[in-house]
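What follows is a set of structures for review.
Two complexes come next, and they have one chain in common, subunit A, joined by subunit B in the first and subunit C in the second.
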Partner chain A sequence: MKKVDESGSNSLISTSAVAFGRVAISILIPLIAFVVLWGGFIFLRDSNASQGVIAVVAIIWGVGGIALLFWVADYIVNKAPLNVAQKLQPFVFVGPALVILTWYLFLPTMRSLYLSFFDASSKNFVGLANYIYAFTDSKMLEAFGNNLLWIVLGTGGSVGFGLIIALLADRSNFEKVFKSIIFTPMAISFVGAGVIWRFIYAYKPMGEDQVGLLNAIVTFFGAEPKAWFTLQPWNNIFLVIILIWLQTGYAMVIISAALKGVPSAIIEAGRIDGASEFRVIRSIIIPYIFSTIVTVSTTIIILSLKIFDIVFTMTNGNYGTEVIASMQYKQMFRFYNYGRGSAIAIVLVIAVIPVMWYNLHQFRKREVF
Partner chain B sequence: MIQAKRFNWKILVNIVLIAIVIIWAIPIIGLFISSFRTQSEVLNSGWWTIFKGKGKLTLDNYKRVLGGSAYTFIDSAGKTVRASGDNLSRAFINSFTVTIPSVVIPLLIASAAAFGFAWMEFPGRKFFFTAVVALLVVPLQIALIPILRDYQKLGLTGSYLGVWLAHTGFGLPLGVYLLYNYISTIPKDIFESAFLDGARPMVVFALLVLPLSVPAIASLAIFQFLWVWNDLLVALIFLGGTSEVAVLTQRLANMVGSRGQDWHLLTSGAFIVMVVPLVVFFSLQRYFVQGLMAGSVKG
Partner chain C sequence: MKKAFVVVMIALLLLPALFAGGKAEADAAKTVRVFGAFVDEEARRFEEAIKPFEERTGIKVIYEGSKDFETLIEVRVSGGNAPDIAGLPQPGLMNTFAKQGVLVPVWSKLEGLLNSNYAPVWKDLGSYGGTTYGVFHRVNAKSFVWYPKKAWDKAGYKVPTTWDELMRLQDQMVRDGVRPWAIGIEAGGATGWVGTDWVEDIMLRTAGPDVYDKWVSNELPFDAPEVKKAFDILEGIWLNDSYVYGGKNTILTSSFGDSVSPLFDNPPKAMMHRQGNFITGFFPDDIQANLEEEVGVFALPAIDPAFGIPVLGGGDQFVVFNDRPEVREFMEYLATWESGELWAKAGGALFPYLNQDLNAYPNAIERSLAEALVNAKVFRFDASDLMPAEVGAGTFWTGIVDWVNGRSTNQVLADIQKSWPR
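Let's turn to the complex of A and B:
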């Protein structure tokens, strides 16, 4: 009510001159914003200034530009009549995300879907041939099996270790130190992890000094050194261990934060009722943080489905370690078979749908959606 | 009795954790020690032999990797060799220029979108949100070629803007998903009173939602930072490989490629690349404890 009154009195006061000024401003502000952004863009694209200057300008322009765009969009929408403004308002917020996602992910996906029905050079329609390849080729079947292993072992390992470590750290004397060390691998790039793990898995023939820690241990006990990455099918597990090593920190940090949110009153009540520590964890804490575990598992399952870098840098998909994403990459960028590459990508997208469906289901249960 | 029992329990917890932590740390310790060893030692003996008193430690690897100009050293055969340094310092600045906006831009856009999805009514809300989350599954390799073609038309190839937008696009689904989880659990009353007072949604967003979401935003910032900082593929394709714009991971990958036998340089290079994300993580770490949980615990 108050709002309507205000706008009513405002319109009485405003003369035609003011109205004209308002219109001019509401055109001028977006215009200035546009000129500033465009000028910055041209400067960044063509300038020969020193690198430090460009870096600073680039950062200010990029970050400030986005904030400016939001502000201008909001400004324009609020110039519109109230009922129109209310309809447009939500799109000021979700619009930019939708536009960018459409451009960067949705359209390319649709394009891949289209190309997946065509041959290698995208010229002749081949129907479902690429999908038949994707589900029958022996290499592809190998990749599916391996991806399943990645999902089960990788996610189970990361979330399991993450949960155990978070629970233990919560009850230890040096929580911060322990958690920091476990998290450290998260900060390492896959390229870096590749370098690091070579010092663990490296192989040298019997008799020579071993450089890899694992073979050093094996030879210390008198066994023959092994080339771990050619040892089928165990080599997949050696690769998954790298993922677990990298991702446990992520699971641990988020689960640990959720643990702090469990009201201590409930836990104390359980303890007073005589429940053992394991019982408290199983019947009180785990159910309480279950949705967090689902969120963490979802992100790691998706990561395992799309796993690429580790396989690519360590074995390049050889020795039976192929995964879906490495098959897709090879078809796309090595054999230039856009049809097959696109079909595999679409299969990957479809594979994740059940996971996302389960997530939305969880949202609905929590009545937040 | 009970006191004593609890005490033992705690010691056991600490011992188990120490064991796990040692296992976790071994690969990094190996890298760290190796980065101070000479070429022939890295190639011919395990890094743990240093504990037996074999070999010596040197800073040469770091000097060579960080130094910009030509650099002389004595190789394993005793000859003096001139080699050009890798000048990672420049790649450092490039990495920052790529990373900072690539973190802030998607965070701004994602938190705005998450707010819109969580607290505003508009037609197609559920459909659009489901679509955004569904895009989580799209492997970014799908987008590389189409986007590269668009960039060539727009003159965006090799520009920082192009890389920022690409990282924004690829990072948005996870950002919206995690922030929605958090923002949707902010108590309704807070918004209702603000809206009743006549505050515009943008004001509510900037002054209420953003500050309230700091823990979630900070934790997402860390992950996006790690992802962008450690990314190789996107930078390689959209920024190009010239040494003027190359980021740290590109330089590191080049070192792997151009001299696979120079493990001793790779070790120090890998370690340098690790340092910044670690600093970022440990400086933002306290926000995790303040209650990240990505909003997934409904209080």
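Let's turn to the complex of A and C:
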């Protein structure tokens, strides 16, 4: 009996020691992790080391820091009782994303909303003055009109051409080749596309070598070269063409995938009933893939609403090509008018939200989520 | 394996502490940190120019340049991380900081140097509310007309000394079958600034410096007759297709750096190009190699002789944020010709010092520019850099673009006046 007792109390001491040690470790580990991360932060902020060293440390600190945080969080959660751990586990995975979204998206949006009620230097409250500006200034009205044009022509063009090309490619023996060619511009950034199209629209006076493709063609047929960007209001359309060039591939690929899902039985039934090819497309294929077309359209509408890079690189908003995002950039970073810049940003966010909601709604219907 | 990985990772994360320890040591040597807007080659030449100071005093000057200077300096100052000295490209920025009370005013020794080494206009440009803060170092001057010397001499043209002579010369060039001017205002996000420079030059020559100052502060509204007159004179040159190579389309689409190239075609397609001293950097390589033989330059002539030949220009002014003895010493050095001499020799920069040695400039062209700058009775800072950004970097630029593209002068001037922030 005595022996058992002894060993019992011994094991009690050792278990409590172990428990104490565990608690200590589970406090110590996060503490060490915090110190390490904080030390890295202080170093990156204040260091005089060469840029190469700082870059390397920043990479290690950034990537390693995330891994460390995850590992520590996972470690702590696993220390908890099983049922609690199971509840907490998902947050270890989704938590960082939530934190980053809050920090980089939600808080800045709220701050923009707050700043949009203040003056240029964010010091004095001005009520709705910045919003009145956003909806009455002649340049802003021009931007709204142009954005509408971008939405209608850009989306219509991309989806229309995407649909036609998908239908034609579907009936061709060289489907893969055609689709690859049309899809290639998707790999080019908007700014890169701007640079390419600058060469297409480039202007040189009569008598000089036309480096611009379009003017080379025009002068070949004996006409005078044109300064395309200065031709109002057509210049907006010349810019929208770039978006269509970039986005047709995207629309085509998605629509083409949907086309493959149209059951051939229905199409054949239609043909047997004597429907023309056009009728088959109009009455069978398009209704069948309609939700895909809507999804693609809304995605490109959002893109057209936010359009900035093309305008910024091509005309910088001159010659009546201003869009909402370029107005925001100018107010914010050229004129340092944080109030107006924020107000325009909020207007843009509010304009995008319904389309975004509809878009997600469509995705959900198609069980993407 | 996993544990080893964790250990290595922690070790790597702790590594920075070693470097952090080394920081205090670096601070022990006297260091002056300078933050400015010029980068690359210009930054290199600046560092070269201040080497004698570092060798003489043992003070280390660390220059850091950024293309986003204007945004970053505000962030750094409001974040309590101001450099010791900053080179501000725009007087408006100096005014902002002076108003915030974050700048160190010039001390008596530096003020003495400013009084003896500079024309009064530079001290005025560096002052806010009666207190002087800024010291100018490298400056630029823009009121110059460049021409291809060989073709010019061959055609027998004479450098015009009055505005009327310039106008007659234009017509003579047209009769000879060559366009007088090569002009281009395209500059990406800054498209239009070449035009604002022209307007400013004409304003200085027709309305004079006092009216010009009122115009800059909007005491003289933008749609006033004086401004309209300047636009009318500009219209007489710019919007006359026989005076400008390629006409209005070329003005709008040709980038300011490329726009000078018709001067160097063989035979030249245009004879004159009005631009600042920095345009030499955009000349073709073979022209740059023989600058003195290939290129001639004259100051844009006076229109109203009462104002002489004014010079329009700009420059970075250095201001002090942290008052330390070594910072003071460096600022005093910047106020002397000695700090500019090596850069002047390297080329591509003008200096405002009254006592400078013009022979230091590497060629006759830069020498004559420096001479025009030092001798100018009237020097004024680029107005668009002094106006609020909404106008100076906004509607004034876009107004010029719209104007060239066909909008009427009255409408453009009214647009700009309306955009002036209240």
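Definition applied: the second predicted complex is superposed on the first by the 254 of 369 C-alpha atoms of A that agree within 3 Å, B and C clash if a C-alpha of one lies under 4 Å from a C-alpha of the other, contacts with A are read in each partner's own complex, and residues count from 1 in each chain.
Here, a residue touches a chain if its C-beta (ideal position, glycine included) is under 8 Å from a C-beta of that chain, and two chains touch if they have at least 3 such contacts.
Values in this document were obtained by computation on a predicted structure and should not be read as measured data.
More subunit A residues lie in contact with B than with the other chain of the pair subunit B and subunit C.
Once the two complexes are overlaid on the shared chain, A:K123 sits clear of subunit B and of subunit C alike.
In the superposition on chain A, A:A227 makes contact with subunit C only, not with subunit B. Once the two complexes are laid over each other on the shared chain, residue contacts for A:Y104 go to subunit B alone; subunit C is not touched.
Within the superposed three-chain model, A:V211 lies in touch with subunit B and out of touch with subunit C [touch as defined at top]. Contact with both subunit B and subunit C is seen for A:A67 once the two complexes are overlaid on the shared chain. In the overlay built on the shared chain, the residue A:F43 is in contact with subunit C alone; subunit B does not reach it. Comparing the two interfaces of subunit A, the one with subunit B and the one with subunit C have residues 44, 67, 71, 313 in common.
Subunit A contributes residues 2-3, 41, 44-45, 51-52, 54-55, 58-59, 62-63, 66-67, 70-71, 74, 78, 87, 89-94, 96-98, 100-101, 103-109, 111-112, 161, 165, 168-169, 171-174, 177-178, 180-192, 194-200, 209-213, 216, 245, 248, 250, 253-254, 256-258, 260-262, 277, 288-289, 291-292, 294-295, 299, 302, 305-306, 308-309, 313, 325, 328-329, 332, 342, 345, 348-349, 351-353, 355-356, 359-360, 366, 368-369 to its touches with subunit B in the complex. Residues of subunit A touching subunit C in their complex: 32, 36-37, 39-40, 42-44, 46-49, 53, 57, 60-61, 64-65, 67-68, 71, 120, 202-205, 226-227, 229-230, 232, 312-313, 316-319, 330, 333-337.
Across the interface of their complex, subunit A is touched by residues 6, 9-10, 12-17, 19-20, 22-23, 26-27, 71, 74, 188-189, 191-192, 245-247, 249-250, 252-253, 388-390, 393-394, 398, 401-402, 405, 421 of subunit C.
Residues of subunit B that touch subunit A in their complex: 9-10, 13-14, 16-18, 20-21, 24-28, 30-31, 34, 42-48, 90, 93-94, 96-97, 100-101, 104-105, 108-110, 112-113, 115-118, 120-122, 125-126, 128-139, 141-143, 145-147, 150, 155, 159-161, 164-166, 168-170, 172-174, 176, 178, 181, 184-185, 198, 200-202, 205, 219, 223, 226, 229-232, 244, 249, 252-253, 256, 263, 266-267, 270, 273-274, 277-278, 281-282, 285, 288-289, 291-294, 296-299.
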